[in-house]
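For reference, chains read A, B, C, D, E and F in written order, and residue numbers begin at 1 within each chain.
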């Protein structure tokens, strides 16, 4: 039995994450998804709560055919402790997937191998770009799985983000 | 769609939790299980990590036939903020299940109704009793779902608990 | 101009505190009242929020004829830093009043003189005794200024305390 | 009885705050003033301690003719918990006044109405501008109530700010 | 080159610690001494600051003939992260010495071997017993290296401990 | 006996620090070196752990002929408490050496005199410049004492820094 770990902030969860996870699902038996910076929300760069992000991810992956653990991970703000922190919050895993250079370094120093899946269309498929579009009123729904758009409608996600982005 | 929230420390998850959750599964469409004091482990009263507890719960409820969210909840140590903390880490929920008097009070003050499911055989079916038996070398496996015994074997849970319970 | 500092947890504010503060009001021009362990509430030993305690104190001292600063002080959990913490949260003060041995020691080591006002009827006039009476349904209102009883009625203070004191 | 809540960092308290609070005093019976980021001081953007800010505010509003609660509010760094944090530190309030977009959003999501009083002369009447003038040695006293200038003289506020603004 | 790690709270440092360290000095080239619960002081069980304890240890081991690193270690309050925390604060080490059952377990789970040096005369040679004697005015100086008695005299350690042990 | 305190982040320790400390060694009997922001590592501006920095410093000063205390100091994030925090972690000191404007101000407000030793060749002899060279593959070893280069080789310091500086 092989369990893989994938971490992101998912602000919001988008098609780039979805395609990476569909790829990982073909390589492991179970997937752990760490929802990073779980304690942050209502910020321009981190607008959605951990619970809202858990909902986006779980609904988008309902049919992935692979058991999932979706786990909020609060920031520990001590990089030398971060891998131990992640491992204390998650079931044991054998493989790690990340393209974040710091995450790669921290797992490597802990003796855990990391694979860096290529994210295609990195320029448009990024949380930064999607949040920019939401604030500017440009179209963004094509960049996320449809359950994400549904969750964002339920919580009035664009309204929240637009309000906190207003200049005081 | 009705979503219910159930919280515990699950040190370890046992048959009492299992029977309550099977009951809740008949009342709601989706269940959120909060794993409390998630940051604690390797203590006589809190021996297992949040990740180990997530694994015990998920495996034990594999056949419950109801979507589950198993979410570690770190202590916030400010009771007046605890309900907001829980809600930030979980998908929205309509019903709360707990027999802990403080949890009941905090949710009530937040205007959220709480049901207190009766736990039968409270004396033997408690984490305290199970941990005592583990430390004393008495039989305990009949008190937990079999996947819990399996997880505890994999992580050498009784060995860990016995060691930290040794008198210095 | 002489400013005095008095600290307590005020769980709840009672006639003992009131008589000490009336005494202090005769010695200084302005009084700072530190509401200690401000982050705690909904606990058997610390049932009321800092805001509720601020309200009890302010109403009870409405006619004291001396300017008041009522300041919540969160615990810093590092005794060697506590005096600096208190001073950062309060206007400058010249005199300190406390009968708590630790508070006396910490101010002394910081080179600040402390006076220890005698509290009369210490056995009945204590937060511990008042909370015990509230839980047991015994009379307690004669031990607190009438505005405190009024605040506790508005927030259903005895109901809260009784509920969290229930045995699980 | 109507109680209003107004929050700011007050680095330092200035004529803009004063005029807003004089306006609020005409609408409510009691005012709670939250002193935000209370734990910060000795920074270029946050030079003064919470206690120093409490003193500036209390002295400037000595004649406002309305009971005041001036309450330091430490940062909680979890926006989803911030409203619960504020409410735990303050007496209950019915109305909230703020023109900060995030504060407006957080109170709205908590179901609390917010009014945004217009601040006139926003360009010169801002903490940023006053701190800039203090550092550059330009005139700033006309922008603050005279008790604020007095407090800043007593604590040598411009000296502190100028020193910490020096280039290492 | 072999570096050994030894951890304690050293409240205060006593002859038992001294004899263990003299033993360790014969086995390794350099010794790291972790001063645990570094953030605590002015408590009955933890009366002395980390800096005071560093001074006691360094002076007592001035002639040990082995390079020393005396490092304050603040509590992290998450046992699963504690070994990573210790390692981030200390130079790399190859061997660990402790008779604390939890420390032994945590290092073992991290794959680091631990030796448990026997402490002789455990009943009298304990911080608990020495603090008890200090509070009761009984003789204690024979239980500590003479530099420790000297440091405690300089900081008036028994005076501090006696004061904070007074009943309120 | 005169004890001096010197604080820095030492990311990494370099010849500028070394020359200042050699100067201080001529003025005091013992030196305390505070390793600031001790909890940070694996960041572009703070790549090395406190333990690694302790090792760099201790080895570089092996022959300074003056007793040293090398003490990690975690950030307290409350400037008004920082001096008390430093003093709780260190043996008592009589003199402070720093050219950081904030450190100077904080010690001055605490009534402790500060001397600001001139650092020569500030432009090249800075942690910022050395880290920049490490990332860019430019020569940097001439800017640090040779034991520092040795430590950085042992921990593959340039590899770590280059990896975390990669653009995601």
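The working rule: a residue touches a chain if its C-beta (ideal position, glycine included) is under 8 Å from a C-beta of that chain, and two chains touch if they have at least 3 such contacts.
Being a predicted model, the structure only gives us computed values, none of them experimental.
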> Which chains does chain A share as contact partners with chain C?
Replying inline: B, D, E, F
> If you average the Cα atoms of chain B and of chain C to get two centres, how far apart are those centres in Å?
Replying inline: 37
>> For chain B versus chain F, what separation do you get between their C-alpha means, in angstrom?
In response: 46
> Taking each chain's centre as the mean of its CA atoms, how far is chain C from chain D in angstrom?
Replying inline: 26
> Got the chain B residues that touch at least 2 other chains?
Replying inline: 39, 41, 49, 78, 80, 87-88
>> With touch defined as at the top, which chains are paired up in contact here?
In response: A-B, A-D, A-E, A-F, B-C, B-D, B-E, C-D, C-E, C-F, D-F, E-F
>> Show me the residue ranges of chain F that touch chain C in the complex, using the header's touch definition.
In response: 76, 78, 80-81, 83-85, 87-88
> Where on chain C is chain B touching in the complex?
Replying inline: 39-43, 49, 160, 163-168
> Touching chain D in the complex: which residues of chain C?
Replying inline: 38-39, 41, 49-52, 54-55, 58, 67, 69-72, 74, 87-92
> Which bits of chain E are touching chain B when the two form their complex?
Replying inline: 77-80, 99-102, 104-106, 108-109
